[in-house]
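Working notes for the structure below.
We just call them A, B, C and D in the order they show up, numbering each chain from 1.
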Amino acid sequence: MQKLINNPADAVLECLQGYELAYPHLIRVHYDPHFVYRIDAPVQGKVSIISGSGSGHEPLNIGYVGRGMLDAACPGAIFTSPTPDQYLAALKKVYGGVGALYVVKNYTGGVLNTELAMEMAAEEGFQVASVLVNDDVAVEEKANRRGMGAAVLVEKIAGAAAEQGRDLDSIVQVARRASAQTRSMGVALSSCTSPSVGRPTFYLPESQMEVGVGIHGEPGRRREPLVHAAEVVNIVAQPIIEDLELKAGDMVLAMVSGLGSTPQQELFIVFRYLHQLLTQLGVRVERQLVGNYITSLDMAGCLITLLRLDPELLELWDAPVRTPALCW
Amino acid sequence: MQKLINNPADAVLECLQGYELAYPHLIRVHYDPHFVYRIDAPVQGKVSIISGSGSGHEPLNIGYVGRGMLDAACPGAIFTSPTPDQYLAALKKVYGGVGALYVVKNYTGGVLNTELAMEMAAEEGFQVASVLVNDDVAVEEKANRRGMGAAVLVEKIAGAAAEQGRDLDSIVQVARRASAQTRSMGVALSSCTSPSVGRPTFYLPESQMEVGVGIHGEPGRRREPLVHAAEVVNIVAQPIIEDLELKAGDMVLAMVSGLGSTPQQELFIVFRYLHQLLTQLGVRVERQLVGNYITSLDMAGCLITLLRLDPELLELWDAPVRTPALCW
Amino acid sequence: MSQEITLAQLRRWLLAFTDRIIQQELYLTELDAAIGDADHGTNMRRGMDKVRQRITDENAPCPDVSTLFRTVAMTLISSVGGAAGPLYGAFFLRAARGTNNGAKSITLLQLAQMFRHGLEGVQQRGKAQLDEKTMIDTIYPAVEALEQAAQAGKSVADALALAREAAEAGMKHTIVLQASKGRASYLGPRSIGHQDPGATSAYYLFETAAETLGQEQA
Amino acid sequence: MSQEITLAQLRRWLLAFTDRIIQQELYLTELDAAIGDADHGTNMRRGMDKVRQRITDENAPCPDVSTLFRTVAMTLISSVGGAAGPLYGAFFLRAARGTNNGAKSITLLQLAQMFRHGLEGVQQRGKAQLDEKTMIDTIYPAVEALEQAAQAGKSVADALALAREAAEAGMKHTIVLQASKGRASYLGPRSIGHQDPGATSAYYLFETAAETLGQEQA
């Protein structure tokens, strides 16, 4: 297994230790249960924004902790949703007295573990709400759609709204709108290898691509011949555009996230063609993120995410943010 | 070839087009000859900081253009130093009337093309100087050492000095000191595949690693069995520490840069052990960068870079910067 | 004849379950690699290590059946994560409520009742029905078989053997199903032809019950 | 007998050189993959495409030998990049200075002189000596052989054949050398056993010279 790791069972712990040493000006790490929290937590009088995720998607979520985004992020085992006690302990650490919003990616584990945590939190008198992220268009049934790139965008928008001093209901409203206006789809040029597994989760032959892939190494919806990037962009972006019913005059935030092992050069080539495709449709690309923002260990490929913006969402997107991964 | 590209010959161009569309608030791109320049260039009365590099190392160099770092970056073909006309055209675009500093990585191509450009610039009356980056300890002969991670650090420090309004000589001085106080070494867990080549430059079998590797896909100094990350850190960091004569009480800036396809998780594991190693030596890790800062297309592995800081270098490192890749 | 199943026997069964899961970690990982994210084995193993640790802790023994099941539930919930953690947690938590507080032994009927409560717990949390290619496809038929056998007055050994048979058939049946719940559902038709990992780990529950509880008498 | 080498012949030779490089792009890439970054073929090919374009441009023909060589130089410098661009640029630029301005033909001695200047240019820029595993190992012996043959009064064909032989031997000799200049030097002893890419592209200069200039008479 070609990896820079020690004991696979310690990978998550050692990564957290490295994060803490790398960003002492932004975050702290609590161990057992594990969670990462902003250095100035709790921020009294501000709604707390919390999210959890399996590890292996870095910088999602631990890279998004800081001013203007997450108050805390709970990292589970690799590709495994964290447990309720992580969510609850994080809540207690960062609660500012006026409520907390959990950003939940739509996977059985993410939903159930957060649900349990919220029940426990409510029992203890905390005011909690959640926003569901289910932007993946590769899954037809809407209720079953995976939460993917929208997690980054919703966390930023919710974080900005919280920083503005909004109350929980207001933040829930704008976060849910951001979630509802976002669609994503992924394409993989390789599988990924989880340290505890020791081999790729699936085998993708040369000259093939997995379309409609998720971020946990599972196979996608279908396997096709790998084509030129411009055509890949068409294949991946069309279902997003259709499902979102994007039309001329719309304004979007576009994210092209590498899945982990794709070089930056290719991500910008993808973005260049995505931008062209949208522009030709009369859709204005108002903002963009291109890089590794939500990954799947060492998977090759990318995720395309489009959020239909309105003035309020744009304002919240532009609000200052200071986290390991996002800074402006 | 599992890549998201179109015609390999257009990869560099399309990447530049994507960059321009992704960072309209920070940079502009000039084509034929190619160079990327900061959106507010020329900054009158400020020394210009310019660097060039083959493509394939993104974000080096085009990701470092902006306030507080490079005024312009010249991207060559993949792994190929750009040509003098690129360097000269960039100079003319960003020259603020008070001199320009070229940051040159020590490769025959980088040195010769910049040399030619500087001759041409001097003939036309520009005031130009250069700083050589040759931090690679894997090569024994100092004069022949490759320029690697120090390029990022020197560009930041020179950029900050220029932003302070310093004159060319003062910037040359501090840039050369930063360069002289930096050492690096790389380790690869895979080769990389250049689009125009279509296959990995060399073949690295499972369970092996290349120690003392460069950032252009060439083989390293030696091939050894791949060991645990903690031991890899020892193997890679020791020669750096020795060559730099680091001792207890020293203060360093440490950079762990992925080479392109290594997941973030592993980079933070590496950093955690590097931090421990240095701390045990009584060396204080004052600042750090962990992520993809200087890459080699889709190579797996990382580069470790240590810069011995002093108060002036630290102040310049901390100065504000606003580029695609660095922001604080 | 009303056979008693003691606290000690239940403890031994659960330890056998943890051992079986730990032994089958690689297999569960492979199943979850084919139609998931390859973590079911690792996660269940981590949880079972903790359960084993917890219920062999001589300083804090579980004094009754209800506490034993609740302890297993809480341990799994706080250590497994993913989908399986809350679902197996729900199973054991709701099973715990199917018995009197303080009871140090139960009858076969009560065991069936506990398992029925546990099944309801999993279905309430996960909202899965039969034939959605989940652990329900193992647990549901096993619970049905156990209930019927208990109501028909069968011995503990015979009842658990029937439950195991039903569980095994249910687990194998998941092979031909297309998943409509959980991670495998993202694959659509590509999930057909692979045995579900959660249905497999659930089978071990009934397999080990038949092997341990079914072999001993009060 | 003082044979003249005309501008037209030199042009045809350079076009043959561009063709040879373009034809050998893959081979040069492979050589540079073994001990470098696998770009020598691509870079030289890009440069040769431009040179071919430039010197076949009927709207802007090069009027004399000096201009022809200088044009090749500037084209290579602005399009090849890497180490080879400036070095081949230096070769042709300094070669251009080895002839009288306006001359539309040269003698064999003048050709040798031009190549000597070119070699000096490469050595001045690159600071490489013999046996450092670079293009010098091809160019140096070729220039020596050409000079000697020219001074000995040999025909153009014979002299260029001898230069080609020396170039080929020099190129092949790079196989056993450890590189101490250029990218291959980073490999240390691992560079031994591989033919140098730059020495190979440089060989084609003399190979095509022998094949074109050596076959024609004024």
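Assume a contact is a pair of C-beta atoms (placed from the backbone, for glycine too) under 8 Å apart; a residue touches a chain by one contact, two chains touch by 3 or more.
Source: prediction; values computed, not measured.
Trainee: Name the chain whose C-alpha centroid is farthest from the C-alpha centroid of subunit A.
Mentor: D
Trainee: Take the average of all CA coordinates in subunit B, do the same for subunit C, and state the distance between these two points in whole angstrom.
Mentor: Roughly 55 Å, centre to centre.
Trainee: Distance from the CA centroid of subunit A to that of subunit B, rounded to the nearest Å?
Mentor: Centre separation, subunit A to subunit B: 29 Å.
Trainee: Using the average of all C-alpha atoms in each chain as its centre, how far is it in Å between subunit B and subunit D?
Mentor: Taking the mean C-alpha position of each chain, the two centres sit 33 Å apart.
Trainee: Among the chains present, which pairs are found to touch?
Mentor: A-B, A-C, B-D
Trainee: Would you mind writing out the residues of subunit D in touch with subunit B in their complex?
Mentor: So the residues of subunit D in touch with subunit B come to 29, 33-39, 42-43, 46, 77-87, 89, 125-126, 180-188, 190.
Trainee: Where on subunit A is subunit C touching in the complex?
Mentor: Per the touch definition, subunit A meets subunit C at residues 33, 54, 76-85, 107-109, 112-113, 115-116, 136, 138-140, 144, 146, 194, 196-197, 201-202, 214, 216-222.
Trainee: Can you check the complex and tell me which residues of subunit B touch subunit A?
Mentor: 1-7, 11-12, 14-19, 21-22, 55-56, 58-59, 63, 189-190, 206-207, 226, 228-230, 232, 260-273, 275, 285, 288, 290, 292, 295, 297-298, 300-302, 327-328
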